[in-house]
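Pasting a structure here, questions to come.
Naming follows writing order (A, B and C), and every chain is counted from residue 1.
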Amino acid sequence: MTISKIFKTLTLVTLLTLSGNALADDLLIDIQKRGVMKVGMATFVPWAMRDKDGNLIGFEIDVATKLAEDMGVKVEFVPTAWSGIIPALIAKKFDLIIGGMSITPQRNLTVNFTEPYAHSGQQMAASMQLADGFDSIDDFNKSSVTIACRRGATPCIAAQKIFPKATVLRFDDDAQAFQEVVNGNAHGMISSAPKPRFWSEAYPGKVFLPFGSENLTRGDEAFALRKGEHDALNFFSNWITINTSNGWLDETHAYWFQDQSAWKDMVAPE
Amino acid sequence: MNRNIPPPLKIKKRLTLVDCLLYGAVALLIFYAAYRVNDVLIYHWNWSKVLGFLVKFDDETQSWASNLLLQGLWTTLRLALWATVLATVFGIIMGYWRTCQNLTLRIISRTYVELIRNMPPIVFIFIFYFFVSSQIFPALGIEDIDSDGAFASSTIFHFMFGDPRLFSNFLAGMICLALFEGAYITEIVRAGIQTTEKGQWEAARAIGLSPFNVLRDIVIPQAVRKILPPLAGQFITLIKDSAIISLISIQELTFVATEVAATTTRVFETWILVGFMYFVLCYSFALLFAHLERRAKRSQR
Amino acid sequence: MSENNTDTPLVEIAGLSKWYGDFSALHDINLTVASGEKVVVCGPSGSGKSTMIRCINQLEEHQVGTIMVDGREVKPGMKNIEEVRRDVGMVFQSFNLFPHLSVIDNLTIGPMRNKGYSRVQATETAMHFLERVHIAEQADKYPPQLSGGQQQRVAIARALCLKPKIMLFDEPTSALDPEMIAGVLDIMIELAEEGMTMICVTHEMGFARKVADRIVFMDEGEIVEVADPENFFNNPSTERSKLFLSQLLGH
């Protein structure tokens, strides 16, 4: 909690120091002049991950690549630690974040968001050992119940909001949160779909989806840009609208999120 | 008298019963711990997935090439080497300032050391990366390094600095580490200078050498010989400290490990392997330095 | 050797007092040393003998009084103290050779840096003095490889390379094994016989008798007695001198 507070303060201060910058709103021009669009993202299955040759693959990679193509420029990915990705954007380490970032009012105070380009929700995976038979919100909303989540991100916010009485355990990444459930130390864990589903498929006797394939929340994920880049915001939002209407975004999303069969082999040999 | 006749042979040490019991007890402890962990930890071990990220078989060139993890290792090594060089330069300058007559220089260097030594590395790195490098680097034109230009795309550049497109980040990480470790090297240098016997200073001044020459010809050469061992130790520390740079997304070994762990979800295998890689790296250098030190001592006789 | 105006004393110390914090190390020292004179300074430990001669080349700084070296005043914090030091050779009790330089380099570094001599010139001078102290064959060795007596002889040669007007010796044989003391003293006697001005702090009374023009006896930071060797050893005029001599010689 404190680290994200530090970041928020850091970014606000950076923002204020840089707000006098007269070069805002030139992002599109800069990208075109450079001929390269720099995209910040973080490794997050199946949004972005490494295939067995070490190359980046995933939903975001496809989106960013097509976006750059349509703009007539090359794309360059800047893998960044998630916890520092907004400060890095503000510090101009890259042009925009295409990272499955959920729109939240808090974040919106420091960055601008485009139209949503995907709607993933949060899902829960539960431990058979501890939570067998649980299938409603009330079952989990008790003080004796422990829920694990990845800190500083929407999963934990959702956990607290939906299950205020439960004890929330925060971890640095999803794998750790999930391990708690598998080990029988937490009743359930919340993470962005489709990860919980993938995990429950990997550990069939130990983990299940208490709410079926329904998501607990519906999220809106969008590109994030620096404040003041209005022309770019307009361009990217419209690109999203177009590619939603023509179905490309949905198609690509389904390819990566529906199940892992299409791309599982690319990630690494079993 | 011939002083080179060796003494009578020593009796070789033998394993006693106590030794055996101790070894047995330790082995038992380890096995018990492993057994308990296995019991409690429900986890499907899969090493091949993770080992696949060490080296890959490139169909195009029909040969083995390094994959992400090894590449991360090279980046860590490059970071450590360059940062140590830079940190040594800072350290020597600041170390000298710590001991010289000029009050201002002493204050500046003391402030530098105390600031850094009393701050956790993470905090320093964030401050430096987000504030300093984002302001200074564009001003110096480093962001616009032409990654397709002749120099930048040459193999020499790649060998020394890694991917030219990531150069400005690499530079930020390197300077960050160097500034941070430089504070510790400053203290090593200071100790080296101050433990030079007073008599050396006096003799040097007595033969009329100017203060500058006293330092340059008499004190610093002796101090350098003294600081080499702790400096070597600092290099190894730097390799380990470089893991923190992953927080600012430099593609060194720890950062790459987080990507591999996230992608394959094989958290334990990834980190055990990476821990092993760091160990091999650090221990190899430790052995190398110990060997060099022994050689240096022998040649002084 | 040096054609000095015998009117101007080489070293003139007047009213010298020095404190370490509140402790009075030297009190009202007055001493004049003429060119070509050999002065031996003796006294019990803590008497301030070393402190006094170290004030002459400002390795110690004094608070009160004046020190003149060859007509030039020597003051704490003065600029160009190096120029004065190049005229004053000093030999230390613990030799203080530079261990990372060879013997010949120990000798050439001063002249090369101070007077801009070329390596060739400096080496020539250095070899000359190494021969003077009978140690030329060790020129390429390093100080840690030499015995104490050898190191001290090198130290003397190093000081001589500056062609100083006066040589200061601070207990030069006190750290040597007995069998090496003679070797070093012999060289100092040779130097004395050639006319070098010397101020020597030592316990070697045999040497003092042979070489000294004057003996300066110090106790508790003050000069107690100044006399020529004959008078000092046979007819000490103060109680403290008598006490000292009886302790020193009456084993």
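One rule holds for everything that comes next: a residue touches a chain if its C-beta (ideal position, glycine included) is under 8 Å from a C-beta of that chain, and two chains touch if they have at least 3 such contacts.
A quick note: this is a predicted structure, and the numbers were derived from the prediction, not measured.
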{"item": "Topology of the chain contact graph, where touching chains are joined (line, ring, star, complete, other)", "value": "line"}
{"item": "Most widely separated chain from chain B, with each centre as the mean of CA atoms", "value": "C"}
{"item": "Chain A and chain B, separation of their C-alpha mean positions in angstrom", "value": "34"}
{"item": "Chain A and chain C: spacing of chain centres that average the CA atoms, whole Å", "value": "81"}
{"item": "Distance from the mean Cα position of chain C to that of chain B, given in whole angstrom", "value": "49"}
{"item": "In the complex with chain B, residue positions of chain C that touch it", "value": "57, 59, 82-83, 85-86, 88-90, 92, 94, 96-100, 109-110, 113-114, 144, 155, 158-159, 162"}
{"item": "Contacting residues of chain B [partner chain A, same complex]", "value": "40-44, 46, 48-50, 52-53, 56, 58, 67-68, 71, 126, 129-131, 133-134, 138, 165, 169, 246-249, 251, 255, 258-265, 267"}
{"item": "Chain B - residues contacting chain C, complex", "value": "197, 199-200, 202-210, 213, 217-218, 221-222, 225, 300"}
{"item": "Residues of chain A touching chain B in the complex", "value": "6, 10, 14, 43-45, 49-50, 52-54, 76, 78-81, 83-84, 87-88, 90-93, 173-176, 179, 182-184, 199, 202-203, 206, 267-270"}
